[in-house]
Amino acid sequence: MSSSLPDPVLSVRDLRIGIGAGNQLLHGVSFDILPGETYGLVGESGSGKSITGLSVMGLLKSPLAITGGSIHFQGQDVLQLGKRARRRLRGDRMAMVFQEPMTALNPLVTIGRQIAEMFVVHRGLGWRDARHKAVEALESVRVPAPEERARAYPHQLSGGMRQRVMIAIALACRPDLLIADEPTTALDVTVQAGVLELIAELCRAEGTAVLLVSHDLGVIANMCGRVGVMDQGRLVEEQDTKALFENPLHPYTRGLLAARPRLGSRTVATRGRLTELDDMVASDERGRDVPTLITPRSVAAEALP
Amino acid sequence: MLRFIFRRTLQMIPTLLAVVLIIFVIFSVVPGSFISSLMAEGRNATNADVMAHLNAQFGLDKPWPVRLWNYLWGLAHFDLGISYRTREAVWGVIEPRLWPSVKLALAAMAFAAGIGIPLGFIAALKPGSIFDTGTMVVAVSGLSLPEFWFGLLLMYFFALQLGWLPSFGYQPGSFRHIILPAIALGVSPMALLARTTRAGVLDVMNADFVRTARAKGLAEPRLIGAHVTRNVLVLILTTLGLQIGSLMGQAIVIEKLFSWPGIGSLLVDSVSTRDIPVVQGTVIVIVLWFLVINMLVDIAYAVIDPRIKVD
Amino acid sequence: MQLRFNFVCGLTLVVIVIMAAVTAGWFAPYDPILDADLMVSETPPGSEYFLGTDGQGRDVFSRILYGARVSLTVGLVSQLINSCIGTALGVSAGYFGGRWDDLVNGLTNVMLAIPSLVFALAIMAVLGPGLPSLLIALGLTNWSWTCRIARSSTLSLKNQGFVQAAKAAGFGDINIMRTQVLPNILGPVLVIATLGIGSAVLAEAALSFLGVGIRPPQPSWGNMLSDARELMRAAPWAAVFPGLAIFMTVLGFNLLGDGLRDMLDPHMRTART
Amino acid sequence: MSTPLLEIRNLDVHFSLPRKTIFGQKRILRAVQGVNLTLNEGECLSIVGESGCGKSTTALTVMGLQEPTSGEILFEGKPITGADAPGRKERARIAQMVFQDPYASLNPRQTIGNMLSAQLALHEIASGSEANERVGEMLVRVGLLPDHANRYPHEFSGGQRQRIGIARALMLNPKILVLDEPVSALDVSIQAQIINLLLDLQETLGLSYIMISHDLSVVEHVSDRVAVMYFGRVVEEGDWHSIFSRPTHPYTRRLIGSVPDPDAILTGARKLPPAAPIPDAMRFSPDLSRQPNPDETPEPSTLVAIGDSHHVRLAQ
Amino acid sequence: QDATPKDGGEFIFTAPYGNSIMSLDITASPHTQDEIVAKALNSSLYKWNSESGQPELALAESVEKSADGKTYTYKLREATFHNGDSFDADDVIWSYNRLADPKKALPGAEQMLQIAGVAEFQAGTADHISGLKKIDDRTIEITFINLAEPGWNLMSNFAPIYSKDYPEDQLASKPNGLGPFKLVNYTPGSKVEFEKFDDYYEEGKPHLDKLSIMLMGEAAARDVAFRNGEIDVSVLGPVQYEAYGQEEALKDHILEVAEVYTRNVGFNPNVEAFKDKRVRQAINYAIDKNLIVEKLLKNKAYPAVSWLPVSSPAFDQDAKPYAYDPDKAKELLKEAGFETGLKFSIIGTSNESWGVPIIEAIIPMLARVGVEVSAEPVESAVLSDKILSDNFEAFIWSNSSGPDPLKFLTCFHSATPQSACNYVKFSNADFDKLIEEAGDETDAQKQIDLLKQANNLLQEEAPVWFFNYNKAVMAYQPWVQGLKANAMELAIQDYEDIWIDDSAPASRK
């Protein structure tokens, strides 16, 4: 490992989210994302993945509120920023793609305009120029016939296409951080593969860091260098992807890996039971941190002589 | 487009037929007749023999199936019949009232939309707050004041106390004359619109694409202007259409109060004098207006909402 | 579920009005009909007559209390009839679709298009004046909104798994409508009903204005208002107080409706702690 | 060969689409076109395919919840569609369905117990305390507690709801269980529970399943036979092993190839098994690279056997 | 004030009754609202002189009566119709033939019945009215069937003279008459605008350049408009009557007149109790009508003594009304056997002066003598329908009762059918005899005496509760001159005599 480990794009420390004081949903989550890195966040439904992503963007809706911790984006404590400054970051420096491509786009506005809006708002372009840029953006997410498509309304596109449009919007201003919250869960497997590939490719090209939220271990394995596993509001484990799959440390992670039927694992002779999570993880173990949390910093520190 | 209008126009026929039938049935059991209404003033100016002749002249001595058939037959030839009261063609009685009525309905709606929609927006942006409730109280007070009283209060205040506006009357080109009746007529749709808008905005603000717009870094005014408003409009449009559509027939009390030459007052007058052909004709006109407005609303949907699906 | 401010306000107002109606007999200092003394007509509010007297020399306060009975009965019962008709037609139309749906839809359009006041007027003329006719007249003419809502809710419900499952389990259509669809559209229907109560109270006033409402001298807020319309200057209290009563009631039911809407709105419901 | 439990013959289901614009022409969507499928006793038949290819429509037609446009469905050799179809009640004993979305498939205003015992009462199987007893048994069978009968749906988690859905489907002892994406809305951890439950039930009750899914790893795990649907038609069909070991139709291959499988990714490149050879002078159809168009009639093609109980759709 | 009329200016009048105008062709409609308009457009052979209380010649310069008193020879005036046609004897004949034509069924037909030959014409046995004879263009001879003064009928606004050459189907939309004003614009339901007709037959009239009639049925709206100076005349309701009378600025410009309407509650003798005169009298005693008139009508009415109104020539100044005497009422009821248990309902419209509010006021009064009354509000069309079809227990109504006393007392003759005007089916031999004698009496004073007796007998018999005679009240702007206290109907004014003086605001000059 190199000693000149770059400064993280995003550094979340001890993030706590709750409804009021009494009801904590996130109990101190910490992680870093390095420039150009794709960081995965997996976990069961309701474990707090989405609200983590939303809080980075500053899109938490009342009654949810950040109750503690800090979020540093490119060294800047975004929680201390004013509303306006925060808004300027959004869409420009950090962007987000949501799960549901069906409803995430305004049904009454052409997609061209929805993309162009990014350039108008963040780059101060006129609508005309912005439109040209929007067509380029569409082209870059491999939408065929972008000129024509720009005039289409969301309902005229398939789910995969719409998700591409979402990605075009998110990446329009070449952000430094892309938060993708289950970007492909609503899509077909065949379509999903294409979309994921696209995200990976574009971000690699621009050096964009990605926070990929998913509960699909396959997707995570496909995309990410490092993975954090969330369970019941805590980050219970963090490892390099490969290491995680080979040597899951936390019982919950182990359970998760075991519960999934794997393609090609069935033989003609056997059809065994799948491992259920409850068999693997005692309920009092759920949501607890493992004693040693492996972070890139500590990896870096270990690597030093 | 033309084909759509054609289809919708054809679809109006059964509705109109139902309306004619309903009115016919109701008024064949309603007590009191055109004849008795002529004698209602107690002036003894009418004579029973003459009235019997009248009955015959209007075919009222025939059995009801014949009358209904005659009416429908006339209707098929775009003939609304002869008014019992004026003995003119019904269309001639209705026609001069049409434009003032349309004007009043549109003006009332303009007022209702102009006040109600912003009010609804304001209330929805901070739902549940005292401010929201306050706005709704204002809106609802419009809804709970009998329009007669509201009209009178307006007259007293704006015409008599302030002397700003004429208190009554209709002048074809005059904007000033339409203001007070339009407000009086518009309060209740205004309240309704405020409420619909509030609900609509609340719905839209919860939509996923609004979150997307926020993630795009849009400032609140742009967010509302570019993304919320249009979508809310789709929701509001139905209410708006229904209101404009039914306003024409609802302006009864207001038209009377402000001496406005509209369809509504013609309708009650015809009901109270049992001038059935005019009642029929007026109701047909009102229903047609309603249907046409609804058709226009559907077209507007198609313009605003590219997803439009009818049927 | 968190109680909303408007819901609480609405509920309070409605409860006050209902209490007034129920306890009118105990609290009203005068008989609303027979304690009419023309000698004291148009007396301003004071110690003798708490809210003054009307043109006939009757105690406005007592009449408002008794009037609450009529106005509430009109509001509640006619709206109940409306809700029943509207729900029955709307649910069946949405559920069965096809011809029946077309028919109900057409009828709904007709009812929306024909001015309901004229309809009510005609029905009143047929049935003669009085409370029962009023209830029928208002009950038969305002169901179209309920019907529309019930229909569209049913349309969205009928393809949901649980309705399909009930069909698959062999349940009859009537049974499904009753046990699966109806309980799930009760919310919106209820909200419309609370709003409709307010408009029924007003419709009664409008009919009184046209002289075919409740049978006078029985007091209702509507006929109190229309009786007092010439007294706007001479005895404003005779109009202002019944007007205020209508306002409070309509406001109450509207706020209640709004509050119910908010509380039934799933997005708002996440606000619970 | 004995008569199969269920036979779908030449099933066509068409929908009339809303006009493209309000001024436009009426359009017809051929959701299901000429589907032939058989289900044998005790077997699990899976239907896979991309979203909108007609899987659910086929399932609903089997359930009698959707009228077929043409074609027929036979149960134990007797038609259950068309003119002399059995009544709703009778049909309920033949097949039951578990719906895709566990949240929408339970009436939020009815307790679980009421829902289940109403079915028993309707079919005059049991009533009163006997019914309650049976409901309790059924709940236990699907891994819940008898006490749960008094709860409303919102008091259950997604996995529990899906169990309730299964309990409801089993209540009337149907011969066939139609499972429309039974696990796709569920978490990985809960998926395992449900799949295990289904396998157990198949063993203990001898049920036959028609399962719809697009998750191929699940399909592989539970099915006996697999039918791949594409754009309203069956394009490949065969026993599970042939399909997964020799996926032949390009669409099937693409489907299997796109499943993100951690092991495959981590252990290196994915090896898609080779396709079976297809007869000369035949080719695949339709063109997979473009959006299917509901307005046009596809070119004629037939299912051709390419192995033991392995068919693939080919055109001349 | 200078009493010589000044020409020019605009006058804004109001038509104060609820309904819209029905038709600009007055012959098609029997409504007061339409007469208000017709009065500007049309002239009849006679017109009503409200000062003398008698009909006088209008379109005729002079008349000669034949020896038998049945044939009148009229010398017609020079006059021009609005469309420029000149007026001659043929127009009269054509107009009267048209009115009497049974196929047309015009309400004005009633005014023609007195002309000889109308009966045959209506029966279809004659193709024209034999009693109408043209002598020359300017002279016409009319024969009547009886001795009654023809002016009463021929002055009617419902019997105007139309031009024979004018297309009949245009009368409603483009009226053409001999009246002082020409139609400029008609906005149905809102207003009618006229301009001066320069060729009006009366020299130097009309004075006004423009006349507008606003249709304003709501008293409260008229009140605002009048105070705001938007209208020149407002017919007042009771409340405004009281208020205007107390306001310095308004009280000097109020015109009141005793109109010829009698408001009453009619008892249907089908109700057993009402067959007993004592019950009917008891009700008259039990109600304090003075109090009602004072409190509810704000004195905008004259408590009724009997049927004929105060302005009637046969009104008996010495007659006393029923006193308010509940004890007497109780006594009478007891005698009649209705000490308790008398119960009936009164149908009425929502009219404030003779409708449901009055019933509301008498309910507690009658309750005090043990009579239970309920109110049954109905629309006016239903009211007349129910009365004419004998479907009521009691009604409250306002009926014409003048100016011709004989005509209106004849209503109570037992031979008059209920559907004509004997609504309470009054039948009394003594009364019939008095009326018959009065009809045959040629001496005016003796006739009046007989009618007085009949009128007093009617009060004694009390077929109705005599409530009040209408007092019509009109407030006018100070610049309006020439309004007349028309007892027939205050809202029907001779527009040609009205003028605007110098104090008028600029907008009216």
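The first chain written gets the first letter, and so on, giving A, B, C, D and E; residue counts start at 1 in each chain.
The rule is simple: contacts are C-beta pairs under 8 Å (C-beta built on N, C-alpha and C of every residue); 3 or more make two chains touch, one makes a residue touch a chain.
The model shown is predicted, which means the values in this text are computed figures rather than measured ones.
**Student:** What shortest step count links chain A and chain E in the network of chain contacts?
**Tutor:** Graph distance in the chain contact network comes out at 2.
**Student:** Based on Cα centres, what is the most central chain?
**Tutor:** B
**Student:** If you count the contact pairs for each chain pair, which pair has the most?
**Tutor:** That would be the chain pair B-E.
**Student:** Based only on mean CA positions, could you tell me how far chain A sits from chain C in angstrom?
**Tutor:** From the centre of chain A to the centre of chain C is 52 Å.
**Student:** How many angstrom lie between the centres of chain D and chain E, each centre taken as the mean Cα position?
**Tutor:** 86
**Student:** Please report how many Å separate the Cα centroid of chain C from that of chain E, as a whole number.
**Tutor:** 43
**Student:** Residues of chain E that touch two or more other chains: which are they?
**Tutor:** Residues 220, 378-379, 382.
**Student:** Where in chain C do residues touch at least two different other chains?
**Tutor:** 125, 210, 229, 232 - these are the residues of chain C that touch more than one other chain.
**Student:** For chain B, jot down the residues that touch at least 2 other chains.
**Tutor:** Residues 31-32, 152, 156 of chain B touch two or more partner chains.
**Student:** Within the complex, which stretch of chain E touches chain C?
**Tutor:** Interface residues on chain E, with respect to chain C: 219-220, 237-240, 242-243, 288, 291-292, 294-296, 349-350, 352, 355-357, 359-361, 363-364, 367, 374-379, 382.
**Student:** Name, in rising order, each residue of chain B that touches chain A in their complex.
**Tutor:** Against chain A, chain B makes touches at 207-209, 211-219, 222, 226-227, 230-231, 234, 304-307.
**Student:** State the interface residues of chain A toward chain B in the complex, per the touch definition above.
**Tutor:** 57, 59, 87-92, 95-96, 98, 100, 103-109, 117-118, 121-122, 153, 155-156, 166, 169-170
**Student:** Can you check the complex and tell me which residues of chain D touch chain C?
**Tutor:** Of all residues in chain D, those touching chain C are 60, 63-65, 87-92, 95-97, 99-101, 104-110, 118-119, 122-123, 165, 168-169, 171-172.
**Student:** Where on chain A is chain D touching in the complex?
**Tutor:** Residues of chain A touching chain D: 44-45, 158-159, 188-193, 196, 215-222, 241-242, 245-246, 255-257, 259-266, 268, 271, 273-278.
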